[in-house]
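So that you can tell them apart, the chains are marked A, B, C and D in the order they are listed, and the count of residues begins at 1 in each.
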Amino acid sequence: MTEVALPRPATGVTRPAAGVMSDPGSSGRFGEYGGRYVPESLIPACAELEEAFRDAWADPRFRRDLDRLLAVHAGRPTALTPAWRLSEELGINLLLKREDLAHTGSHKINNVLGQALLAKRMGKTRLLAETGAGQHGVATATAAALLGLDATVFMGEVDIERQALNVFRMKMLGAEVIPVTSGTRTLKDSTSEALRHWVTCVDEAHYCLGSVMGPHPYPWMVRELQRVVGDEARRQCAAELSTGTPDYVVACIGGGSNAAGTFAGFADTGAQLVGVEAEGGAAVAFGQVGVLHGFRSYLLQDENGQVTEAHSIAAGLDYPGIGPEHAHLRDTGRARYVTVGDAEVIPALQRLARTEGILCALESAHAIAWVIRAAESGELPPWSTVLVTLSGRGDKDMATLMEAS
Amino acid sequence: MIETHLRRRRSEGRSLLVPYVTGGIRADWIDYLTAYARAGADAIEIGLPFSDPILDGPVIQEASGRALRRGVTVRGLLDEVAAVRIDVPLIAMTYYNLVVHRGAADFCRDLAAAGIHGLIVPDLPIDESASLAEAAAAAGVDLTLLAAPTTSAERLAEIAAASRGFVYAVSTMGTTGAQFAASGGRLAADLRQLTDRPVLLAFGVATPDDALTAVQSADGVVIGAALMRRVLEGGTPDELGATVAGLRKALDLDAGRLPDGARP
Amino acid sequence: MTEVALPRPATGVTRPAAGVMSDPGSSGRFGEYGGRYVPESLIPACAELEEAFRDAWADPRFRRDLDRLLAVHAGRPTALTPAWRLSEELGINLLLKREDLAHTGSHKINNVLGQALLAKRMGKTRLLAETGAGQHGVATATAAALLGLDATVFMGEVDIERQALNVFRMKMLGAEVIPVTSGTRTLKDSTSEALRHWVTCVDEAHYCLGSVMGPHPYPWMVRELQRVVGDEARRQCAAELSTGTPDYVVACIGGGSNAAGTFAGFADTGAQLVGVEAEGGAAVAFGQVGVLHGFRSYLLQDENGQVTEAHSIAAGLDYPGIGPEHAHLRDTGRARYVTVGDAEVIPALQRLARTEGILCALESAHAIAWVIRAAESGELPPWSTVLVTLSGRGDKDMATLMEAS
Amino acid sequence: MIETHLRRRRSEGRSLLVPYVTGGIRADWIDYLTAYARAGADAIEIGLPFSDPILDGPVIQEASGRALRRGVTVRGLLDEVAAVRIDVPLIAMTYYNLVVHRGAADFCRDLAAAGIHGLIVPDLPIDESASLAEAAAAAGVDLTLLAAPTTSAERLAEIAAASRGFVYAVSTMGTTGAQFAASGGRLAADLRQLTDRPVLLAFGVATPDDALTAVQSADGVVIGAALMRRVLEGGTPDELGATVAGLRKALDLDAGRLPDGARP
């Protein structure tokens, strides 16, 4: 018996993270971030999931099935829209990757269809999910219905109140929505509650996590499932731009999945990658290294190490952490992380609406707001090409905007 | 330290009893420690409250929340503990972020300085435990690992080997305060095949009957949510002391009744 | 001077309607239906519009510009989704044409982008539109924003109240929403009001009508602009089905634009075309020939010839008339028109949601309801292939569904 | 019939005055006809109310709505008209759906049988008017066509040629009750170049001044919304008769003052 336990791979061989945004191996590490900080009870489930995902991801049949689902059901590829009028106003060349056009209204469906198909392959009969704004919950309920699985969605009581329409959508899709009454009764707590519940039903249930967070293999798996956004955009940019790739690739960051998926398509290019956090949930800007919900990353916490609540007008950015790979991309300098406050968001959303006829989600408007600011301040060289991922549509946010205006 | 103590107690034919209290749940929370010790606890687990206790059920979530709303900090709690003398070993139970926040080495030194020589971190599985285990060992703190009903035989062996103080056997696939489950018995029995370290069953042990069932296969029990429910309801240190005494008595009677180990 | 005025073409030559769903010529007649029954004040505007549309539609550059807008902005082609689970349950082969995935959430955007581009080409600076549910209003506001035009949307006071979110969307997109207080204060009256307003500003404003109704050239022009739905579906069906074309092609009918666009792609096939009207707005089933809003067709009216109000749970089907070409298709037997009541609609919507993970619009659910009924009654032969156009997504209807449940 | 009458009146140097009333607006609506006739109307336009009057502004929309809410029908209104004798020609004004609903031939016969020998259908442009024109001619009803400020010269000629009774010149790009616009003058003048049929200006003629301006270029005026606004406000047949008499007087004075046609 050794005196000190050594870190050990959960399963299989460790493939070290060689290139940028590559396979983090079985340790699930991105530099010092990531890992699998979960109760022992969940270790076998995470290990089983990692193995199943590795197997599926290497299986051309699985990839083909998923690609077909994404195409015929979710409406992929989504469009790449040149934002003509706003480009003109800003003196840049702005391209929008239109995840707002994906089925259910955001990029969340990409991840969820992949996980649901995987769950089915693993013989699971139920999906669990946490949700904040309700987008991931709706996407999960959708995929469950489509594949004949049950769905249980955990949602904070506060969020249930402010996102009543999405709650109803989930119910119409046949999902059970469980109100979370603990803690701040928002996304952070619904994630905790989903993990707690998963412990009780690991055999039949797959925990369908909604962003590039959680214990390994989630951050990597979700990034891989979202890379379709970046891969498509890469191809579309090549067709659209004389330079082939944009100068800037910009996406908003809640947990970081739409950004990770987008960045993955451009990691090996010269594009400057920019993640835009909400000021009230800016783990990179204002957080410190910590561990929550199974992974190590930047985390908003008070001086005693208690996790603090994030506050953003965009419910989907109301998360105190950031996906571990983003922490690593930031430390290595491959990506930059910037911050936008609530006050900049509504004008940005409105400006995009009035120039391009697109009502994007409040989350996505953070990315637009930064581009507007950077273009107007001269930070973006004139006629730079800027790709922004519009992660979702704004319908869900109309009530919030009505109150704010 | 913890382990030596528990092994000694076990060798006296005693079923081990480790009651839990959430640090700072009330202003007089230290009195629960004294009461538990007086009631015959073999060690006491002190929860250092964390904002996001993902392995805790509603009762300990609520207790942690209440303590945090009272404004407690790890530093303050340790100071309070350092100021009293408790006759049984103390074990801290907390989540990994509080360790990372302070830094593992400092965190363990702080514990030891306050007279706490055991540590349980439920969201730190063995695979991620290397650095903390090292720091704990350096500070003279036993880092106890958890085993679960779903843990494979191979992992059980590693956990049993690497755990210090005792092995914390989670009786059920659930959170603290869940229903006590028979699966725990099998897990404890398996662990006892693998190690002669004390094996304590936890999660859902609420009544003397539960405890008696548990010690049919384990060396003892940790009792948390069942006690904290009463604390939340206003149970005083004396009242909780009496509860622990009742558990103690049941375990001792049982041990006395069947000294030959011929438990059914 | 002749004693009796003869019908005369407004402009150019009359090309008679030869094939099914072909060019109705300058008379704008589909058999005895259609025409241009508007005040003399509007005749020049209609004639100018017809001429401009003929010219644009024959201009490969216009077509290319529109196709590009549809692709990069509206997200075309929309997916064709095999409804696997519902097909299984019904014993048919059900395919869904997913207009719910189009930008702004319904097929309305196809028509509106075409008209907006045409308006721009004509030198107009403003779009007028009527709207009921708000979908056409939102689409118009969107196209106006995108092309830098002003938008004025007429909406009945009653509809403004029940569709508050769409009203807000239009405002966010920069459109002016004018409450219509006359008559029943719903779609019928907002159409009348839009026509009245158009008279006052024909020079600078284009009236962007939302369905295959109104005076010539609207019914034909809107059908042509919507035929992209049918043409795409035709190609997609050819790839999906061994038989090449479906046995049934089904769409809901308000004014009839999504149906007309869909049917246009299959007019020359053996597919049975089925239009599904809402019971409370079933002009074909319960109407008589009449003239309203510039065209002759079936029209709901009382025994004195007064137009009656339509009543459907689906605001977009709340119109007392039906596009004139549909009246003609019905008379000639090329298409069938069937009726579905409110009571069948919600269960159909729910069933589609729970089997396919698609929350469609209440309008579209009428088409699904008929398919379910026809499959279950044995009217559809086992394993018939059935194409249904899902004209829009259900987000706008969640409030209605919440009240109903 | 209508035309002969209007030509005759015009040849007497008279500016033609055609007031309007919405049929069935009140129970005693027939009395407005009598009052108008007595006050010197040259013909009277009777609106047969339709649910969707797309060329009418708010006033006549409201009048139509009120009449319909009173439950009036074309059949009932015609019966009422048939029962009285009015000394000036009557002209029906309605929307095309009511014609289609009854059938053009029957509709025109019904009008004639009720003593109405003119018909105006604002949503029936010349291009669509063939069958109704035929039916009207057969029944001895003059189908009057409308011309608008945007109508091309070529169309104006056709309209002037095909219109019966008179030519209805819409003064402005707007609905009934719009502001009276100078554009009407140009239109009327153009029409008078093309035809010797009476040309009446309508839409927005409200005051004696408007009427005087109108008859500088037209043979007369139709006054609708301005009268109906007062009816909606409760104006009695006598009061409305007085208003029409005032208009009559202004026109006649004017005609008397400048008998040589040398209007500025």
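One rule holds in what follows: contacts are C-beta pairs under 8 Å (C-beta built on N, C-alpha and C of every residue); 3 or more make two chains touch, one makes a residue touch a chain.
Just so it is clear, the structure is predicted and the values come from calculations on it, not from any experiment.
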For chain A and chain B, chains touching each: none
Most distant chain from chain C, judged by the mean position of its C-alpha atoms: B
Distance between chain centroids, defined by C-alpha means - chain A, chain D (Å): 68
Inter-centroid spacing, chain D versus chain C (mean Cα positions, whole Å): 37
Averaged-CA centre spacing for the pair chain D and chain B, given as whole angstrom: 98
Chain-level touch network, classified as line, ring, star, complete or other: line
Which chain pairs touch, all of them: A-B, A-C, C-D
List of chain C residues in touch with chain A within their complex: 71-75, 78-82, 85, 98, 100-103, 105, 141-146, 148, 164-165, 168-169, 172-174, 349-350, 353-359, 394-395, 398-399, 401-402
Chain D contact footprint on chain C (complex, rising order): 1-10, 35-41, 43-45, 182-183, 188-189, 192, 195-196, 199-202, 288-294, 296, 299, 301, 304-308
Chain B residues within the chain A interface of the complex: 50-58, 61-62, 65, 68, 73-75, 95-98, 100-102, 122-130, 133-134, 137, 145-152, 155, 158-159, 161-162, 170, 173-175, 178
